[in-house]
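Alright, structures below, take your time with them.
Presented sequentially are two complexes of chain A, the first with chain B as partner and the second with chain C.
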Partner chain A sequence: MTFTLLIQSILAGLTNGFVYGLIGLGIAVAFRGARIINAMQGDVALIGAVMAYSASVSFGLPMPVGFVIGVVAGGLTGFLVDRLMIRPTLKRRGSEDSLLLVTLGGAFAVSAAVLLYFGRDSYPIPGIGGNDIVDVFDASMRVHAIWLIVISLAVVAALRWFYAKTLVGQALLAASIDPEGALTLGINVGRMRALTFGLGGLVGGLAGVLVAPLINIQYEMGLLLTLKGFAAAILGGLSSPFGAIFGGVLLGLVESLAVVTISSGYKDVVSMTLLIAIMIVLPQGLFGRRGRLGG
Partner chain B sequence: MKRRTLAAGAFAAALIGSGRAKAQGATGEPIKVGAIISLTGPGAGLGQPQRQGMLLAEKTINAAGGVGGRPIKLFIEDDGSKPDIAKSKAERLIFDEKVSAIIGPSLTASTGAVAALTNAEGMPELCFTGLGPRTELTYKSLFHLLPPQDLNARAMLEYTTKELKAKKIGILHDTGYGQVVTNQLNTLREKYGVEFSAIEKFEVGASDVSAQAAKVRAANPDVVFVIATSAVPFRNARQVKIEQPIVSAIGSSTYDYVRGFGEYADNIVFPEFLVGEQPKDSQKAFVDAFRKEYGSLPKNFEAAAWDGVHIVAKAVEKAGPRASGKELAAAMRAPYSGVMASYDFTKDDMTGIDLSSYVFSKLVGGKFERLPFTTK
Partner chain C sequence: MTALARSATAHLWTGMLMVAVLLVWVALPWFLSRSAIDILVFTGIYTIAGLGVSFLLGQCGIVSLAQSGFYGIGAYATAYGTTVLGLPIPVCIVLGMLVSAVIAAAVGVPVLRLSGHFLALATLALAIIAHVLFLELEWITGGTLGIGGIPRISLFGFTFATPFRFYYLVWPSAFALLLAYSLLLRSRTGIALRAMRDAPAAAAVAGIPIASLKVRIFVLSAAVGAFAGSLFAHYVSFISVDSFAIDRAIGFLLIAVLGGVRSIPGTIAGALFVTAAPNYLSRLGDIHPLLFALALIVAVIFLPGGFGGFMANLGAKLSSGGRRPSAPAGG
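This part shows the complex of A and B:
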């Protein structure tokens, strides 16, 4: 293996890892604030990407405006998921299983709606820096991928500050960990859950507008993203936003290094073996305990 | 062979021309034809263009007076890319609608599910898949409108070894369509005397495959095969500075994927059957009619669907309006010069498409150009 090949595999691993991590981040935010696994997270990203594309390409708005519209659309979708799906299910004493099934059904519905209104074609969306690439020891990385990494890290830092330092963030955690206790303190648990899903939706929308320039927008992309994001979130610890990003990057790097050191045919075997081993040793994930404590 | 091809072009042109002249069209009792395609699910990328090709053929044939004065009536059903749904849709079409023939499905698994029914009934089925499991060889009323993947792989190797004179090939493929074609390439390696210096794969929907692409580049091949149903590997291959010619497969040649290549849609060769920008003489009438109807250029799947409906119409004309399914299937077992390819349904593989039907296109600055290379 040449040095260039090693560097290229690390760059590819980082790109893929932050993609997984960004989706996992949204799943972790929803789980941290509501103890609900949102199987729609990848499809929230799809909605964000479709809205960004429509705004900037179909309606000719500047790309940054399109990106903002995509992120806001993700947030709105998250809010609507709570109002139209989660709240009615909980009202009828729905279990964790039924909530998972409801969001999974929602994921298929979003995919079908995008197919109906947006079509089967895949749509390219320009990234930050266009298609420019950066050379690193003869290996290459897209400028957009570097921005994806920087923005992801900034979002994790912002979430950490939000949960640790703001009243709303702490109320949100309290409502999640002990809903009845939070009620006695005057915290509106339902509103906190809506806020959680809105926040998860914003992260999902952001993931959509950042991931779409790498893979093109396509109606089926949501579920594929959810699967990898879910693996990242579990690896890092479902309730830890930082853990989701860390889990994603670890997964991406292991996959990529397996490609160059062993074989691309064994990439998933290696990464999933690692996932199983970590789950046996640390059932809460790498940062599960810290996430529970608010870190 | 050439005479048959020209005759097909003249036949299609005559149909389209007479369609314009005869405003009244066909009015008799309709000839019911069932169609099962994947309009949703993973196979939607196949089913949507197939639907367009079939509807245009139906409209053109009926505008030209139908078959013996009777219009063709298509009953198009979506199988959602699922074999069990395809089978239940086939049951409805065969036993409730009492169609004369089935066109489709779009996917191999669904083809098998439907063929078990049509074979039992002796009903002709013209599927949009190449020869699949060996059991399909025992079905005598199942006709394939697309070539087997073995032929697609051979077409790639023909161009690579004869035009590019290359022997050392790197392969970058996905785990779906790419895997199927790569399996066939492996079986042909010795016959063509080539060496696969690197074979790297990635999952469908991957966001970055530059590690795999870099590994292919490091093997220093003369040519790189990129076989996938997404734009990502093509972009990544060029981003990691693979400067060798890229040869791809027919399934990657859609306008949809090429749009996603962006500025990297250059110096990529596809073996296929129809280049809408520069069609063969026998394909021009179809391309013009398609562009007039839909405002876009057709590709291979649209042409195969057009051919499917015309093959049924011709068989009904030959076997007569009261022919049974078995008689209709017997009428189809003959050579047919279509728009997409020259078929010979008397052959064992129930398609008869050979390498001479292929054309080779090259992406130059994002546009398809038909290459002069042929396998003859």
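This part shows the complex of A and C:
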């Protein structure tokens, strides 16, 4: 392996890693605020990407407007997921399995709806800075990928601030750690859950509009994104925003090094095997038990 | 009426119902079009594969999305064995079940230590791995080109070449497996499974080997899935990687959830829905994946017992004059 190839694969792994991290971030937000694994997270990103594509390419709106529409659509989807699926399931005392099956069903529904609307083709979408490229030690990286990394880090910082410093963020954590206690303090637990899913949806929509310029929009992309994002989130302790990004980057790097050393066809085999191994060996993530409690 | 007489009458009615069902089953293909029989053949194949998923979910609390992988292993084993190696069909079918069982055991020992959403997502990851391998291991599977010319099954010089004939092969197999699973449910193992599902801690204290029992049921389900895959391969005589993608895994899970995971015969109803719906909706384009996904959501939220549970509840309600029935234990 030449030095340039190594740098190139590290850059690719870094970019993919931040994508997985962004998806994992949304999963971590939902888990932190509601103790529920949202298996739709990758498909929320798909919705964001599709809406951004429709707004900017089909309707000719300026790209930034399309991006905003995509992000908002993600947030709205998250909110609807809570109202239409999570709430009725909880009302009927559905088990953990039921909640997962319902969100999995939601994921399949989104993918099927996109198939119906868009067909089996994949759709390119322009990124920030178009197709401009930066040189790093003779290897190349798209300007858009740098923006993706910067925005991801900004979102993590914003979430940290939100949970630690704002009243709503604190109420949200209280509602998830001790729902009954929070209720006695006058916190509307149901509303907090809706807010959590809305927030997770916004992060998902953002992930979608940021990832679409790199991988093209395709109806099947959501499920793999969800699983890789889930692996990233577990590595980071399942409820920590920073941990999810860190886990995502680690996963992305391992995956892209595997691609150069083994074969690109087996990329998903590597990442799915890693996901299973992580769940078995490191269910508490890399940072120990503390992260899962949301503190 | 004495209790004895009442139970004798009940048995008589059950017996007559069974005979009637049998007669309808035998006569059905004579009155149906070729395409309708084709749907019923697929219903039979999917019933077999769905049984494994349903039993895992209902009796062990294991959500398995990996069945499409085992189904594929069965299909590819029999296709490769008959067309490339030239082995006899029964040997290939058994080979597929064995390969599936060995892989399920090897994968099941680590993976079944997981529970809840971790386990469900792990099986989904397994289905994706299987699909990629079916695509990449071209020297066995033929990749996207697939394998053609898979021979028809024949027994004593009678070839099961048409949907009409295959109907009489697949359904006895499905009924035999339905019966076997029912017996398993009523056996000591079945009791142990229910104990494990409803009170794992107590079951462990009672000396039930939880980990190994889960693996054994998973292996059984994989072998049954492979059997269904083999039947599929011999029925359609051409297979490609498209038949073993994630949507197949969703279909099998939907069969279990719709049919009612605690109800073994309910599986047939689930399988009929999953086979017939796409066929009648095909003129509307690719609409059935959306319908399947929505059906999965609605069934999980509103019909946790599936068709089978719904019918059992209804029956119990009618016979007990509206008294609230106890949860159906199975069967």
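Definition applied: the second predicted complex is superposed on the first by the 258 of 295 C-alpha atoms of A that agree within 3 Å, B and C clash if a C-alpha of one lies under 4 Å from a C-alpha of the other, contacts with A are read in each partner's own complex, and residues count from 1 in each chain.
Methods note: contacts are C-beta pairs under 8 Å (C-beta built on N, C-alpha and C of every residue); 3 or more make two chains touch, one makes a residue touch a chain.
The model shown is predicted, which means the values in this text are computed figures rather than measured ones.
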{"item": "Partner chain(s) touched by A:Ile276 [first = chain B, second = chain C, both, neither]", "value": "second"}
{"item": "Which of chain B and chain C A:Ile133 touches, first, second, both or neither", "value": "first"}
{"item": "Which of chain B and chain C A:Asn216 touches, first, second, both or neither", "value": "first"}
{"item": "Partner chain in contact with A:Asp268 - chain B first, chain C second, else both or neither", "value": "both"}
{"item": "Touched partner set for A:Val71, first chain B, second chain C, both or neither", "value": "neither"}
{"item": "Touching partner for A:Ala55 - first (chain B), second (chain C), both, neither", "value": "neither"}
{"item": "Chain B versus chain C as contact partner of A:Leu115, first or second or both or neither", "value": "both"}
{"item": "Which of chain B and chain C A:Ile146 touches, first, second, both or neither", "value": "neither"}
{"item": "First (chain B), second (chain C), both or neither touched by A:Arg92", "value": "second"}
{"item": "Set of chain A residues, in rising order, touched by both chain B and chain C", "value": "112, 115, 220, 224, 265, 268"}
{"item": "Chain C to chain A touching residues, read off their complex", "value": "61, 63, 110-111, 113-114, 116-118, 120-122, 124-126, 128-129, 132-133, 135-136, 246, 250, 253, 257, 285-287, 289-290, 292-294, 296-297, 300-302, 304"}
{"item": "Contact footprint of chain B on chain A as seen in their complex", "value": "2, 4-5, 8-9, 11-13, 15-16, 19, 112, 115, 120-124, 131, 133, 138-142, 145, 211, 214-216, 220-221, 224, 256, 259-260, 264-265, 267-268"}
{"item": "Complex contact set, residues of chain B against chain A", "value": "40, 42, 44-45, 48, 200-212, 214-215, 218, 230-232, 235, 239-241, 256-257, 259-260, 262-264"}
{"item": "In the complex, chain A residues that touch chain C", "value": "37, 39, 85, 88-89, 92, 94, 96-102, 104-109, 111-113, 115-116, 220, 223-224, 227, 230, 263, 265-266, 268-269, 272-273, 275-276, 279-280, 283"}
